[in-house]
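Chain IDs A, B, C, D and E follow the sequence of writing; residue 1 opens each chain.
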Amino acid sequence: MISLLIAIPLLLAFVSVMWKRLAKPLFFLAAVTNMTVLLASWFPNSVEIHVMGSWKPPFGINLVFDNASFYAALVVNFFFFLVSLMPNLVESYGVSLMLLMAAANGFVLTGDLFNSFVFMEIMTITAVTVASRRENFYNAFKYLILGGIAGSIYLLATIFAYTATGSLNMAHVSMATISASSLVAITTLYAIGLGVEAKLFPLNGWVSGVYGGNDLAPVILGTSVSFAALYMVGRLFGTVFHGSGAGVLYTLALITIIIGEVAALRQQNLLKAFAYSSVAQAGVVVAMISKGTSRAMGLAYFHLTNDAVAKFVIFLVAGFLVYNYKNLNGVFKKHKVLGASFSMATFSLVGFPLFAGFQSKLRIIMELFSMKDYLFPAVMLLATLIEVGYVVRWNVKLWFEEETDEKADNPIVAGTLALILSLLLVAVFIKPEIFLGGAMKMGNALADTKDYIHGVLSVVKGGM
Amino acid sequence: MALSTLLISLLVTSVVIYFISKVSWRAGAILNFLIGVFLISYVFALHIGVTSNLGTLFGQKLQLTWTHASYYFSAVSLLVIVSVMLFAIKWLDSQKYPAAFNMFILMMTAGSLGVFMAADLITLYIFWEIAVLSSMLIVPMGKKESRKAAVIYAVMSASGTYMYLYGAFLAFQRYGTLNISEIARHMVSDPSTGIKAAIFLLLASAGIAKSGIFPLHTWLRIAHGNAPDAFSAVLSGQLVKLGSYVLMITVAAIPSLRVFGNIPFYSGIPATNYFLIALGATSIIIGTLMAIKQDDMKMLIAFSSVANGGYILIGIGTMDPMGFEGGVLHVFNHAIAAAVIFMAFASVVYRTHTKKISELGGLIHKMPITFLAYLFAIISLAGIPPMSGFISKWMIYQALVRKGMFITAFIAFFGSIGSFLYVFRPLAGVFLGQLPKKYKDVKEVPPVMWIPMMTLVVISLVIGIWPFPVLQPIEGMRMDYGIAPTMRIADSSHWLIKGFSGSWNPVLVFNLFIIGFVIAYILYTMFPRPKKVDLLAPHKEEGAPINIYTGGEYIYTPELYHYNTKFYAGFERMYEKHPSWEKVLEMLAKFFHDLGEWVHGWFFRPSPSAYTFWVSLTILIVFWVRW
Amino acid sequence: MKERTIWEQIADSFRSRSIWMLHYCTGCGAMELPPTMTARFDMERFGIAPMATPRQADILLITGYLNTKTLRRVIYTYEQMADPKYVIGFGSCTINGGIYFDSYSTINRLDYYIPVDVYIAGCMPRPEAILEAFNYLMEKIRKGEADGWKRYRENYDWYKQNQIRSLGEVYVHDEFHE
Amino acid sequence: MTNSMSNLVKILESFNPFVEEIDEKEIKITVSPDKVVAVLETLKANGYSHLSLMTCVDWIDDNQLELVYILFSWEDGGKFLVSTRIDRSNPKFVTVKELWPVARFYEREIHEFFGVEFEGNDDMKPLFLELWDERPPLRKDFDPRDYSRKKFPDREYEKDVIKEAKIFRGEING
Amino acid sequence: MVAAYKALFNLVVAFFLVLSLEGIGRKITARIQRRIGPPWYQNFIDLFKALSKHPFSNGWIFDFGVLMALGGTMATAMVIPMGSAFWTPFPNSDNFFVIMYLFAVGALGMAMGMVGSGNPWSSIGVSRALTQMLGYELPYLIVISSTIFHYKTASIHKLIEMQRGGWNLLVMPLGGIIAFVSLMGMLGKKPFDIATAPAEIASGPMTELSGKYMGLLHIMHVFAIFVEISLFVDIFLGGGNFGWYLVKFIVVWVLAVMISSVLPRFRIEQMIKFYWGVPLGLAFLNALFVLLGWTL
């Protein structure tokens, strides 16, 4: 059944190519269907695989559906669903979004290295189309180039892996013993290849341009797509390569955190500032994933979920403001609901108590201390300090500066969504299990290689 | 009502208050005040030792307990906050965001109470952030500069807080608990001095940042000086005391004398404590010198808060029974005095719309009650009997002299005498002297605004005469922390306060005072009645000169003869070219900013080909490092 | 003259022994004061001491000619002094204008504008004369005859009228007082 | 006359001055009123940049007022007295406050004491005299004695000749 | 009740003693300047004359300030022990810091009232007086702190008892000298009379004082001198019975007068620099000696 997650958006995308006017409702339909499918198969708690054709693993292409990919797919589709609720945001990008959705789902669900490369390429290209909205061509072009490089390196890594193990199936690759030198090459190339989508330094040059270029790109790329990409980081480095190459990721991630926050601090553009912040948060997640334990990974994805929700609100509000106002001073006096949700989301981002970010950040720090890692918490707290600086600055600017005469209508759907999501953040603070449970299951699933191999290679279920 | 229920319902009520205030902000403000009054009565009725569970977080129990310290600090805080709430009922009509103010001030109250009740470090942190966050959102409601002030406030406060957090988790990792008394118990038996000192200093740094102690003091001037006027009273009178509370927790609840008994530095005081004392002394110097030269009256008292934070830290840091009690009592005194002073300034700004001393003058003719409130507050702040401010300074001096800490004592004396200088400056410049013509129609503030000020003044006076009600919980606190538990300082049966070097009787001193006054008054009435000189003559009649002696000249423009700019020019000239710590911190901020600029220029702005270059370079480096 | 009460008599005897003076040095007479104050003649032995402000002073010492501009200040200063107060006119300029008798800007007689208790004739009077005058004034005060301040109060209209006749207005508002 | 000063006098020949040497370093130049400003400008350009004094003399018999500008040079210490005569019944002249800002006050003073109007200088408030109500006091036809008698009452003396004589003889103690 | 009589006796002694001494001081100054000088009772005459005049009042704060100054200083004078435990009115409250800070009430009252007169000279004078306080108080307080540290008591009458064996001046001569230099500043005697400086700022704070205000502040000044010199006599010269106390008091006063009569006046920042230079340094040196136990 889970292949529907890929098939439906793909199918509907082709349909809507013919009937362009139907793109929006079809996108909504696709999102709703996907959500329904996912909700119907709530946490499989075991590894289910869906083979394409009748090739059993390790041969052929298979989709793996376990707790990890379920949770990732849930988050990914959830944000697509939210976007589909806002028709004015989708505009004529229904087709691209559906393709992006299919690709992201595929990327999350696939159990095959080469297949994941294919999905990643589709994802990049559709993402580029989304990014080029509002004539943001140059930045989209940059993204395209980087995506291309990343894709080729990813492909190179896949080829290396294939040469080393003779297989493209992830479970199979993870079983195989690879010589140390090949392992280094493979993991490094994967780190670089995924680094672009996972926004690792120095491969994240595209982020500010793409996220800051229009109002749709950050909302969907900063949440769904980056979740998908970071899921793959966990899958590859946690499950497949058993933490090998984590050192590279860890170092790059720490640098990314600082660099991202510092760049965000100087940024005068609202969207770009939080684009950099999302870079930094990705750094936190990657560094946490590189720790390799199930708990660490679970917390990483918990943090990522919180961050994605907060970022969704922030980018939604920021996109609305940036494209409706020339002067942002004091705009929240006119849009109190948007303002309140924006503030709550940003405070969650910083990790103030009463908001979800607090739960994840503190848990991460606590976990790190119990692992006797004293550097990462320090870096993280320093980054948070910088984050406080710009978050407060933006809040103060948007709430308290003298307002101008400009006026725009209140976006009702976006406002409601933003408010609900920001209240969700408060709810998560009170009851972290809302996200934490799933994230921990995901962490467990990612870390438990044995179960994964066993699940993939022994059980065969369903079919196309 | 359990403590946890109280705090949570306060947080929820604050949101409700917002919506009520949206309908009628005055109703919200009055409701706030009533809640505050209820809280005070609640606090006074609570029994020491009550505990309550807030829930669990990451497997740790979040606990609230009611100790002597929480009682004392909560009572002081509520006194200040409730006064400001009453004050705000009228004052808010000059503000732009009354509803948000009502909400955040109540939220901040809940946060502060939570901090004082917290039994473990993480609960403390949660409520701490609530208090900081809500106060940080009130700060930018002031004039233009207040926006920047809010950012600086948030960052500086956060820098302390995150160090605290690091320390808290360090302690947790080492001792497996976050409960303060448990940690204290473990620390006593922990052999590793380095880690203990690190935990100690990291925990203290939150207090250092919050109470404006030396390396992190610069936000205080900016935030207190630019926040909405009445809220400065809360900031300086109450929020800063959160910092003092944390410092007290780190120094006293963790028995630093026993924990660091192996590293004595001077006169039985451990090096860690001495480090804090040195920071406090530096703050006194900086606060005093900078306050003396301020022209902005709110900045002036903001710097004075820096100096007084130093006193509190010095007092507590000695861990001497006298010093400890003095430091803790100083919390009360400074809270009351600073709150009254800032409320008086808020009244002045409310009527005149300026806070520059050089633009004001002679307001005593128009606002005598505000003047009296300010006068008594500064008497307390400068530590002159019979106001309560003297008692704490006396105790701190006792401790310093007993320990033979002459340099610290010198700095304390310097701060004390310097405080005469700087508190006198607004008195002379704003209230006394000549009234500028543009303020000739200024009126006294309404009773709703002066009643809270006068109430606090009366409380301070009564405590100055009969300090035992306040000294009792402090003694209780001292017993709790086991600092010389056999020693008794307040001897209420003989009306005496006893120090190591003798005692004194506050009631007697007050009586002498009254006798002196009466004799002076009798002398005054015995001799010929004076003719009145009307200092307001130029305001009443166009072209009338003012009848004061200036070399036989007629003064038609008295405000030009009002001496209030560069009041201590002779002294200020001596340290014109002083080094500025603020500049250092600005450089640090600029460094991060420039780093961002650099990063942006190198990694984020370039063309796709440059990205390709970076990608290949990274691959090369990674491969090179890993092979 | 009204009979003095016993308290006034006591007060007057104190006043006569403690004379604080404000010397309004308008002309060359100021030069004669340093020798009077210092070791040679030492007027402090009579309880006479210089004061810096009219509020504290008992006597106003006008040492020389007064032009209209100065006179305004003298009148103002005199009115700032606390009762009882006394005036000593010093040198012939204060008596009849002296060598400036025909000047368009210098007044001719001081007692026309403020009451003078003692005049010292001479151009200039020597310190001996000054001490003599002080002694005479002290005698007058003790007897309660130095009542210039009462006269000024009683004949205030007359003095004001004279002042206005010669000066136009006492208080002048010019560009230096804006 | 020093060298530099005689050179300067030569330059000034074109204004038809009447030159009078008062001292070795002090020369008086009398010119007609229309040339004064030009002369002053020339002198200022040649080092005589300090306006030491500007004053006025009342020649009541000639019915003329003489305006005198005293210029000083900080370079050679010389002094030029530039003088001109204007009509006394209609005393008007041009201001030099553009050349020397300080001239404002000199002109105010001259206006106050001699009644000369300076065109271009509007600020003619009284500088020294307060509430003055007579003709300008330094004009020769102003009688200060008269004014003093009118304004400042004199002391009336009753001369007791016999008493004075007795005192003189030492018969009574005065 | 006995304590109350003793306190009142303090006031009476202070009044007559210091007023006569002030007259004597004027006489001494005059003799040093080869003048005859006024009689010793001249200051009584001056005081009563001032009180008998019809003054001007510049508003209620002016009156209140004068009352506060006089009342506060009187309260201080009532606590002062006169040389021995017997002449200590309130043995439980004669703590040094209490006296020092109680004393500040008078200073504050005076400063407030005088600035309230609205005269710029007064404000300048007060600003100087307060700055000056920053100068002389610091060395003084350091010296007294080391004394208290040495004798382990701040109670004046106990300090007197401790000095039975030898005057504190002899125990720590350095401290005694510094305290005397500070005392000169406190008394506002000649090199340090910057605040009143009649020739520059028209007698500073007192510019607007007339009649009884002048008189009342004169009385306040009398009590202030009593407090300052008594403290010095008690803490450094070992007090003594009433007669000895008076003798010591007079000696200190005469010495101060003699020094002041031959010196010119400092500028304000010169004075601060002076006090923060050698005296402060020596005060710390003295404190170090006390800490090390190097006392005589």
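Please note the rule applied: a contact is a pair of C-beta atoms (placed from the backbone, for glycine too) under 8 Å apart; a residue touches a chain by one contact, two chains touch by 3 or more.
Just so you know, these numbers come straight off a predicted model, no measurement behind them.
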- Message: Using the contact definition given at the top, which chains are in touch with both subunit A and subunit D?
- Response: none
- Which chain has its C-alpha centre closest to the mean of all protein C-alpha atoms shown? B
- Task: Average the CA atoms of each chain to get its centre, and name the chain whose centre is farthest from that of subunit B.
- Result: D
- Message: Centre to centre, using CA atoms, which chain is the farthest one from subunit E?
- Response: A
- Pair of chains joined by the greatest number of C-beta pairs in contact: B-E
- Interchain centroid distance [CA atoms averaged], subunit B/subunit E, Å: 35
- Chain centres from averaged Cα atoms put subunit A and subunit C apart, in whole Å, by 96
- Query: If you average the Cα atoms of subunit B and of subunit D to get two centres, how far apart are those centres in Å?
  - Reply: 68
- If you average the CA atoms of subunit A and of subunit E, how many Å lie between those two points? 78
- Message: Quick check on subunit D: which residues sit in contact with 2+ other chains?
- Response: none
- Message: For subunit B, give me the residues that contact two or more of the other chains.
- Response: 547, 549
- Item | Pairs of chains satisfying the touch condition | A-B, B-C, B-E, C-D, C-E
- What part of subunit E is in contact with subunit C in the complex they form? 26, 30, 33-38, 42, 45-46, 48-49, 52-56, 121, 198-199, 202-203, 206-211, 214
- Item | Residue numbers on subunit A that touch subunit B, as the complex places them | 141-142, 145-146, 149-150, 153, 181, 184-185, 188-189, 191-192, 195, 201-209, 247-248, 252, 259, 262-267, 347, 352-354, 358-359, 362-363, 365-366, 369-370, 372, 374, 377-378, 381-382, 384-386, 388-389, 392-393, 395-397, 399-401
- Message: Quick check on the complex: what are the subunit B residues that touch subunit E?
- Response: 362, 364-365, 371, 375, 379, 382-385, 390, 393-394, 397-398, 400-402, 404, 406-407, 409-410, 413-414, 417-418, 420-421, 424, 427-428, 432-434, 494, 496, 499-505, 508-509, 512-513, 515-521, 523-524, 527-533, 535, 546-551, 558, 561-564, 567-571, 573-574
- Note on the structure: Interface with subunit D, subunit C side, in the complex: residues 68-69, 72, 95-97, 101-109, 112, 162, 165-169, 172, 174-175
- Query: Which residues, counting only subunit B, touch subunit A once they are in their complex?
  - Reply: 57-58, 122, 125-127, 129-130, 133, 136-137, 140-141, 146-147, 150-151, 154-155, 158-159, 162-163, 165-166, 169-170, 172-173, 592-593, 595-597, 599-600, 603-608, 610-612, 614-615, 617-619, 622-623, 626-627
